[in-house]
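We just call them A, B, C and D in the order they show up, numbering each chain from 1.
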Amino acid sequence: MTGKEQEKGKKKDKEIQTEGEKGKFIIERRYVDDSRIIEPEKLELGGVDMSGRWGTLVLPRTLEDFDTEIYEDVKDLPRGGNIGKCWQCGNCTAVCPVAHEHPEFNPRYLIHIVKMGYTSEIKRHHKAVYLCSGCGLCSAACPKGVDPQGVMIAMSIAFKAHEGELKEL
Amino acid sequence: MKEQGRPVLVIGGGPAGLQAAKDIAEFGEQVVLVERRKELGGAPIRWSYHTLAPDFRPTEEVMGPLVEFCEKNDNVTVMKGCVVEECNGRPGEFRVRIKDESAKEFTEMVVSSIIVATGFEHFDARVDPRYGYGRLPNVIGINELEVMLKQRRVVGHDGRPPKRVAFIFCVGSRDRSTNPWCCTVCCGVSIKQGIEIKQLLPDTQVYMIYMDIRTMGLWEKMYWDSMEKYGINFIRGRVGEVYFTGERLLVKGEDTLVRGPFEVLFDMVVLAVGIEPGPGTKQAANVLKLSLNEYGFLAPRLPNVHFDSGKEGIFLAGACVAPMSVEEALSEGSAAAMQAVKFRRNIVKKVPV
Amino acid sequence: MLEKDGTVQLGNDEKLELTKDDAKLLEILSSQRRAKLAFGTTEDYLKMLERMKELEKKGEIIVHHVTEEYDPVGVRTLSGRVKRIPTRETWQHKSCGQCGHIPGYISAFYWIMSELGIPYVDDTNQTSCTAWNYYGSGTSNPVALSAVFLRNMHVAYEKNAYPLIHCGTSYGDYKECRYLVIMNRDIRERVRAILKKVGRELVVPEELVHYSEWLHVMRHEVAARRKHDVSNVKVAVHAACHTYKLMAEDYTYDENILGGRKPAPTSSVALALGAQLLDYSNWYDCCGFGFRHILTEREISRSFAYFRKIRPIVRETHADVLITHDTGCVTTLDKSQVVPLAQGYKETIPVISDSQFAALAMGAHPFIVCQLQWHIADWKPLLAKMGIDWKAAYEEYRSYLDKVKGGMKPAFIRSPPRRLEPRGGAKAFRVDEPVMT
Amino acid sequence: MSVPLSAYYQTPTANILPHEYLEILVLFLLVFAVLASYFRIRSWGVPFTPLSVLSTVMTSRDREREGEAIDDVGLVTRAKVATRSTIHDIFLLRRAGAWCEERIHTIGRGLVLWGFVLLSLVTLMGFLIDPAGTPNSLFLPLRLSGDIFQGILAMGACILLLRRLSRQNLRISTDINTWALQSVLFVMGVSGVIADFSLLMNLVLQFQVAYLVNVASIIIFFIYAPFSELTFLIWKGSLLMQETLSTNSAGGK
């Protein structure tokens, strides 16, 4: 499979994407996040109307590549330099007062997806980074000196800088 | 033959065996060192390991002196390409029959005690077909990568250096369908090799796909350095299938931290193949009537006292007892040597001449 | 590492020749490993066959043997055991979806059999295996399923024809049911009671045979009658989950086909006809049908079929045709292309059954026999590549339709149901492939 | 003790640093700080969000947001939203305070924030009322409230510092910038209070020393702030406000 073809496919996905609550009728809907559902408002083939449910597609969630661009930026931004030391022990999330309130904010996980460069995951979770309250408990708890608080600062800057690519599909 | 003249028989010319022979010889005792293969040095030399974890010391630097000593020293009789075929008699005077496999000659001798150090074999990754080892190009074992690193030339089958390398841990280890035990060293060795690849090809991305990282004791430093100094990435999960697309290797697995499947292209896949008991161990066990444990390693009388075979006058050392690193094997050799010498001296006291 | 000269470099001084024996070793190892992951284990499976013999001796069950009158051919299954595939006088156990969705599927198959002059029984007295029910809603139960299974098997038995199962699901379902009936006394007795009520006995076939296995053993005869050259046709094969993942030990493998690492049927047919067989990365994946999904979650089913099968296949192989050997697979893989194509995705590939492909190669009519007009994905390039003038054929078809409208009797390819008498003088049992033991 | 009000009329700062100069200096520093933080934030490759917030509020024409057009939202609506989000998110510390695991931490932050804001307000008023600092009826109340707010600021900074100092793990892991920023704020507040009270008690020498320290700390603060965490906090704060703004405005249509 050539990269160009893939690109074409991706572009298509974007074009057909529509807003609003999608795929209500999918039984196990809660396991499928919006960005994966393509539900065309207007789709017709040979005079047959295939809009809405009849034309719905669900994109696969397979992680297809590592894209370390954001990771490199985070490393260069103030206080982001130690992200590379993280070994995913989860101490930060364990002590994080925000994570206890908001499951979508998980410092350990954010660091992982940025480190590995799972763009699709970053797309889904990057907004959560701004929930960090900067209390610094994580940096105190981290056994490897990652300084997650600082990394969150660097990340929120990096995510803003890459806003364009990170927009929902 | 007088008691004093009776040598100690060491089976196996690997790290443990050589160390044992050296120590006994330095006690001024006679040693007979029997090695099945044509050269001394055991696994590190046979598979031509480039360096040894954790301190990246060249293998020759560790094994060279030992081999040289045993070759030169008068107290040590080295018998290469030989196997012990028969053993009877009682502790203190075992009558052994040693067969030279090439020349088909037999040597008979009486030995006071025996040290078994028959070592291990690398797991044959073809037995676990999901990684396509032996079928797909650029799927290699850590032992083959050592050879490449020694030649300072890490390349794929097309002769080009890989841009992205994946190490798959626990191949033929911790798996009911192959070997259920942990080989204890492959995490460390893989990480060591990852670092060496980074030193050799700084632009190559290295990914470690692991279940657990078991870099015991001070080996942990390698693990930390690999991450912090060399930027090696670690993916927690397992690989289900490796598929060759015609150009690159498509590795299908799961990143358990993301709870999601990944299908990523790599240029080279290195399998951290496990350690399993070799034919030499089995043969020695038959000849000396030693008991094997459920996994086929030699079973010591007490699990925490490796050198004690449970049979008077026979001592165990090295990876024939359990998977272990070279550093452990060396000290086990030493320990067994001490036991053998102690045993001999006691006999001399008991039997006045 | 694998060297150019086909050897494996093991150490600085050691090389390992990858000879045929090594390949075989690999194959055996992988077979064993796969067998481990299947329903029960190979050991259980062989035990079950032993038990079947015992029960027969005790007279508890009647075993429908693959006797010489069926002119059987031996093939090697995943378990390493030799399976006897009947080639003649077979009782056609049809598939619900097949006749409904892909009429060309079964007509092509019957056409092939009549071309080869092989007698078979197309019986109307057959029920559905109810696996739809079993998978779709879970309202069925082992006893009911087994009863239906044995009922059909008894019908075949009294017709003195050997059941040949077209439907992959029935095939897998029956294999599991047979296991239950033989290994579980309770189920056996309850089923016996049910069968008594409908005046039937408990007859278990010695071998459960899928039609793809029949086509596999007959592939050389098929190839011998090839009319069109398909050597330039690139073929990708999708094997049906229910044929080779349910009771995996009992499906046909062959070390000369795909290295024995994947089921032999269908691939073997393509190879025998001289087409170019291509491999792809999502080979083992389901087609997306998945019963519950096609019933309740069309979107998932459709998307999986396209994004996880069709798209990778087209991108990796650029094949001309995708051949499968089950109803659900052809239906899903073919019909699921509608929406993506309407949405503007480009990748597409015609999907047909092995019987249709074989029939086309043997010169069957693409529309009257193989009925490609029912297929979604564009089959014109394929026919063109096979050297079939589809325009002319289509004209024929139109005029044929007009004649039928005018009152002509449409061409049926089926044999009238009949009771067969046992015949002697059958050919000696032959083994199709070098059998590994 | 009796406070000779005359003490205020003869501005004794004059012979250290003339009032006007000081104000000019502060003004200059302010401009510098803003420019510096602007360039620093731009150097991260991201927009200077305080500006974008302003423009968001000001523009009352259609905007494109994430490919979807938002209908015309009046200046008033936006201003309302802005104020609401300012009050909730910033002054009521919804973001900064809600998830601090200890009450005291929230309080510390609150005091610093309120102290700082009010102090600047008072100073501004004083400056507007009378740049020359010559006596008038509002002079004393302003001055006194200024002292109170400086005190609050100092207290808050002190709490934050003590919290970090008292916990060993926090102490070790705290970034040098955090220390610097908090201490500067602390010194600023304390020196300010001491200056004024020593003046009230006619302790001219202490006053002069404290006053110099105060001025120095103010200068340091303005020069240092753009290179401290404060820049990020302001950037992030404005970014979030902008988010709220767009979403609320979009929702409010």
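Rule of thumb we're sticking to: a residue touches a chain if its C-beta (ideal position, glycine included) is under 8 Å from a C-beta of that chain, and two chains touch if they have at least 3 such contacts.
What you see is a predicted model; the values in this text were computed from it and never measured.
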Which chain's mean C-alpha position is nearest the mean C-alpha position of the whole protein set? A
Centre distance in Å when chain A and chain B are each reduced to the mean of their C-alpha atoms: 44
As a quick test, compute the distance in whole Å between the mean CA positions of chain C and chain D. 77
Per the centroid of Cα atoms for each chain, what is the distance between chain B and chain D, given in Å? 67
CA centroid of chain B to CA centroid of chain C, Å: 48
Of all residues in chain B, which are in touch with two or more distinct other chains? 263
Indicate the residues of chain A shared as contacts by at least two other chains. none
Residues of chain C touching at least two other chains: 316
What chain-chain pairs meet the touch criterion? A-B, A-C, A-D, B-C
Taking the complex as given, what residues does chain D use to touch chain A? 44-47, 66-68, 95-101, 105, 164, 167, 169-170, 172-175, 178, 229, 232-233, 235-236, 239-240, 243
Contact footprint of chain A on chain B as seen in their complex: 205, 207, 224, 227-228, 231, 233-236, 255, 257-258, 260-265
Using the touch definition up top, name the residues of chain C that touch chain A in the complex. 296-297, 299-300, 302-304, 306-308, 311-312, 315-316, 338-347
Using the touch rule from the top, collect the residues of chain A that touch chain D in their complex. 19, 73, 77-79, 97-98, 101, 130-131, 133-137, 139-142, 145, 147, 150, 153, 156-157, 160-161, 167-168
Can you name the residues of chain C that touch chain B in the complex? 1-4, 8-12, 16, 18, 22, 25-26, 29-30, 33, 36, 259, 261, 281, 284, 316
